[in-house]
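Accompanying notes for the structure given below.
Naming follows writing order (A, B, C, D and E), and every chain is counted from residue 1.
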Amino acid sequence: MIVRPRPGALQLFFILRGSILPKIAAKILFISLLACVTVWFYEHGDLESLRSLSAPAFSLLGVALSVFLGFRNSTCYDRWWEARKLWGELVIQSRGLARDTQALLGDEAHAALRERTLRRCIAFAHALAASLRGQDPLTPIRHWIDPREAELLKAHHQIPDALLNRIADDLADCLRRGVLSDVLYQTLARRLDGMSSAQASCERIKSTPTPFAYSLLLHRTAWLFCLLLPFGLVSSLELMTPLVVAIIAYTFFGLDALGDELEDPFGFADNDLPLDALVRVIERDVLDVLGEPVPEALQPKGYVLN
Amino acid sequence: MIVRPRPGALQLFFILRGSILPKIAAKILFISLLACVTVWFYEHGDLESLRSLSAPAFSLLGVALSVFLGFRNSTCYDRWWEARKLWGELVIQSRGLARDTQALLGDEAHAALRERTLRRCIAFAHALAASLRGQDPLTPIRHWIDPREAELLKAHHQIPDALLNRIADDLADCLRRGVLSDVLYQTLARRLDGMSSAQASCERIKSTPTPFAYSLLLHRTAWLFCLLLPFGLVSSLELMTPLVVAIIAYTFFGLDALGDELEDPFGFADNDLPLDALVRVIERDVLDVLGEPVPEALQPKGYVLN
Amino acid sequence: MIVRPRPGALQLFFILRGSILPKIAAKILFISLLACVTVWFYEHGDLESLRSLSAPAFSLLGVALSVFLGFRNSTCYDRWWEARKLWGELVIQSRGLARDTQALLGDEAHAALRERTLRRCIAFAHALAASLRGQDPLTPIRHWIDPREAELLKAHHQIPDALLNRIADDLADCLRRGVLSDVLYQTLARRLDGMSSAQASCERIKSTPTPFAYSLLLHRTAWLFCLLLPFGLVSSLELMTPLVVAIIAYTFFGLDALGDELEDPFGFADNDLPLDALVRVIERDVLDVLGEPVPEALQPKGYVLN
Amino acid sequence: MIVRPRPGALQLFFILRGSILPKIAAKILFISLLACVTVWFYEHGDLESLRSLSAPAFSLLGVALSVFLGFRNSTCYDRWWEARKLWGELVIQSRGLARDTQALLGDEAHAALRERTLRRCIAFAHALAASLRGQDPLTPIRHWIDPREAELLKAHHQIPDALLNRIADDLADCLRRGVLSDVLYQTLARRLDGMSSAQASCERIKSTPTPFAYSLLLHRTAWLFCLLLPFGLVSSLELMTPLVVAIIAYTFFGLDALGDELEDPFGFADNDLPLDALVRVIERDVLDVLGEPVPEALQPKGYVLN
Amino acid sequence: MIVRPRPGALQLFFILRGSILPKIAAKILFISLLACVTVWFYEHGDLESLRSLSAPAFSLLGVALSVFLGFRNSTCYDRWWEARKLWGELVIQSRGLARDTQALLGDEAHAALRERTLRRCIAFAHALAASLRGQDPLTPIRHWIDPREAELLKAHHQIPDALLNRIADDLADCLRRGVLSDVLYQTLARRLDGMSSAQASCERIKSTPTPFAYSLLLHRTAWLFCLLLPFGLVSSLELMTPLVVAIIAYTFFGLDALGDELEDPFGFADNDLPLDALVRVIERDVLDVLGEPVPEALQPKGYVLN
């Protein structure tokens, strides 16, 4: 995620970090060159017929493309924002689990259980972040759980879920030993439900892109539209054609590419969610309740927060 | 569902798998031929009056059509995405049921009950997927439940609901025998509510298409608009008319057809939801908790995941 | 509700059942005749000034009208879909009540109570459907409840709510007699809350149309726009004016009328919700749990499901 | 709220009740007069330059204004509909409180408590409606509560919340005396939470208009757009300018004014919510459970329901 | 937040307080000057080629920009409104905590606990408002909590969460001493969950702006569009170019800047949420239940409520 103050008017055009421009520069260049060639032919050649490809057809396609790109962007943004909400939910449940265990299992006798539970909760966040980013979820959690437990987790194909199951086993043990009443067990178990629900919803966003036919239709239409642009505008814009074509191509290709970037919000791209920073928030708040030293909050590097 | 990386600019135009193009190719061809005929008459014939069918009327109809197609697509996508969320809910409840039964009924004495319950949970997912796809729900669940139970289920017109009722009976038996307190029974019964709710909501999407009058109005307007296109554009585009008409028809017919495809997300079309893969996710996570061997996750075949 | 496969391209234009066309045919005809008169005057008369009423003003009004019609349609569709969701909720709660009573009150001693409760649940669906459609809610429920109870219900102005109250009284009696613990009573009472909530929400949709000023503004603007259309298009379209005007009027009047039809989804119009079929779903699922013979699911007649 | 059947095509233009027209008539007249003056100068004067202010600039501003007005209307309508939903929630909770108290406190011994609670519930609806409409909330509730209690309530700045607190005190007393178990107390207390939540949400809508800068930007743009309209259209529309300008001004000013009216849905304007009728619904349903005579439902007067 | 009646038509153009105009005046002036220069060159110079940069290209870019600005505004408004809802949730939970503690811990023996809990609840609102506004959260809460507790809180990096943990500890103590049953403890603990959830959601809005690439793309496109405007309109508008350009620039820059302002709703800008007034609402309602003197509600100063 890019974290920076709003740039000034001049500064605006020189920002590359976080901009979608580098990704579409080649396309814009190609369309602009095509426009230059078109202008040359129009001025020197015998392209009278180009005069014809004018406003009406373009308005039609341009308005339709705007409406559909607008829809796709809104959809992709909703996915990105839902993913952020789900991680907010993880923060809420982690703080709640910390508060509940401190209140309900806060005595000396359950200190080990409490610490184990809360460290597993931190490990859950690490494991989820890693598996959403396609990394090995076992690596980041070794610091937080018992080495033997880490060994046991290897047998499971799904580390975050296995961690929740182990927390639940501990809580059920408290229930059996009468340390927790069934109502209080239920209270704590709901925290796990909340975390499991956030996990499955993140996996849903990760594993289900917007329908391929939709993206394909939009990519194709955007390309066709931009390819026709020089022919459509040359008769009225003449020498200014390449400039205007480049601006329009920038807007349409940019929105198209931005949709692609927001669609999967869990990667390492500039505009993806700062999972590391969110995991750190959970670490900090849970460790604070455990009375352990709290690490620093992650800061953006060169305006980028991962 | 199509699972594939974003195609490059050239590749983009040669993809058929997952594209909506094959479905609407005939229509586009027809409109393009009509455009060719129109051009011929315009060039050689005496169609002065065609000159008149120009921009204003088309802008009007085109903008209106864009707005309404945009609305319908957003509606159909919402149905598709809601269906995906409901199956995500099934994943959440299945994992939760596995976690809860392991924690609350995890002792030796209830091993049989636990296994029966979780296998019925897997059977529920299979039965729901089959009935949503118009297949016999009994076939895929035979592997997961007792043959006598399968026999008994035949008497019911609604297999998924009957499976939930049988799980509930087992749980109520635990409640009567004092194995579960009423609060814990409630906790487990809510899992069944979640699954039942997801089932009924999938049935709602399956059985209630968007209002027919709406689709009809849009199909008709899209056809009328595309039929008039050649007459409207020939005076300004001349020889390029068929090309531009084909592109515009592709966009409008494509979005119209895509809406139809997303409207019922439970079929076997390329862009439908991968129910088999989702059922397999449930299988894997539940079997893992049962300690049984876990099958492989389903992989896309030729980019298609069913 | 219309249930039919997507019509072919030719078939598309001959469908009347479910189409909005019959309702707006008079208006379209009127506008088309007006267009014919305008063309006649334009060709033969001295209507030079008509030449002026051209594109700019129409684009403005047409785009604005599209955006606002789009908003109203989306609003009315949301009401229709919310109503469908509420009836889905009724299905969920009815199945849940059947499952819960079978599990918790499934013994011989409570067979009468259980049957009475579930038959009242079916009666509730019938009564709600009837009262939403402005019919006498007592008629359809006589089959499902005790004649003396039907007599008593006459004293109440609100049959569905009175039925829920009677179910609640029975459940509270079980609570007092110790048959149900307070937690289990709460579980069952929440079913009634869900049904009551769906009822009140359906009543909200029924009793609160979209703001009248909004519909009025749209109806008026649609009329004014269509009335001006012939004058605006005649100078450029000439003899084709009536055809194009009819198509545009069809689109705009059609969407306007469709909004009206979807706004109140509980009637007997072609595009209204199939309440009878939904009540039958509840009947079938509840009777199945009671072990009574299950009636057939309702089938569409001439593509229409009521 | 206006409750009336859809008007016929002719009737449509003579409706004033519920129309936004009277509120914006002065503005439309002013713009039309401006158009007349413009036409006069254009025909007789030396306003060649007016010819220039033509289509492109207007399309731009008109489309933008449509999109933004569309957004504001959708926002204001959402507020209006949310407010209606909140009152629906009050209906649900009132019916639920009536059902619960009848079931759980329905014996003779608690008849007084039950009546007091339900009459306070009715008083709550009256007090909330009055305070949302800026009236004294004590006046309408005197009929429903004990005079001494009314005296005590004067000490509180917030009558609805104070009523809920008094109901809660009574329920807590039942809890202390063992009449209600903690679970049943919780069930009843959640009713109060639902009512409190609806109250606070209504207050949110009442106290927080849409951002002023937004409304201001739209009002200004709408004015500027309409002021420029005559100059922009006179060269193409000539004598018909005032008519077309009036229609366009009606649409844009109308939507702008309608947004203002829907923004605060709790007043006495024609399109505001019928709070009196909704309070009466609550009265009727609660009194029915109490076995007291039920007043008539409120009917619209001259199509207006308050 | 600006709280003022709708201004009259004339007044409308002289309002600065709450308007977005001052923030974008420099940009509009710059674009208008550019337009003046363009006009001068066009009239006196040799800029025949400018004639070409006309309608089609502008319509395209303008429509696209409108759709995308509309999307961004709707997104930013949703954040602003969600933030307002979250503070409404805080009001609900505070009132609920006050009602619950009065009902369940209302006896003399727990007066100190009750007061301590409710004053911490007020302190929570103060601390959250301060930390969302980037101020020291300890300063405003000293008035509400014990000096020693304030000292202890310094050790925590997150004051609001620490306050909730302390309330939870007190409640858990009541649970251990048998003053509260587990069900009633759960009821009260859920209030804390609600407050914690609102806190984390506010932090989410505060810490996660809309994707930077999106804002950047829009800012750039808005600038490019407005920079090209004078060249595009000069040939048709001539001397009126600067006026029309200024109006269009006002609309587009204004909406762009307004999105920025609403994006972070927790500052001190005119259109930000009135956190101080909302904290005061919580103070008033909680103190009223405690029977302490209630401060005045905050009033807007010069139409601005902070």
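Here is the rule we use: contacts are C-beta pairs under 8 Å (C-beta built on N, C-alpha and C of every residue); 3 or more make two chains touch, one makes a residue touch a chain.
All figures in this text were calculated on a predicted structure; none of them were measured in a lab.
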*Treat touching chains as neighbours and tell me the shortest step distance from chain A to chain E.*
1
*Where the CA atoms of chain B average out and where those of chain C average out, how many Å apart are those spots?*
23
*Averaged over CA atoms, how far is the centre of chain B from the centre of chain E? Could you give it in whole Å?*
38
*Contacts with two or more other chains, residues of chain D listed in rising order*: 54-55, 59, 63, 65, 67, 70, 183, 186
_Traversal of the chain ring from chain B via chain C_ = B, C, D, E, A
*Show which residues of chain D lie in contact with chain E when the two form their complex.*
27, 49, 52-57, 59-61, 63-65, 67-68, 70-71, 75, 156-158, 161-162, 164-165, 168-169, 171-172, 175, 182-183, 185-186, 189, 192-193, 196-197, 200-201, 203-204, 208-217, 219-221, 223-224, 228, 260
*Going by the contact rule at the top, pick out the chain E residues touching chain D in the complex.*
1-4, 6-7, 9, 12-13, 15, 18-20, 54-55, 58-59, 62-63, 65-67, 69-70, 73-74, 77, 80, 84-85, 88, 91-92, 95-96, 98-100, 102-104, 106, 181, 183-184, 187, 232-233, 236-240, 244, 247-248, 250-252, 254-255, 258, 261-262, 270-271, 273, 284-285, 288-289, 294
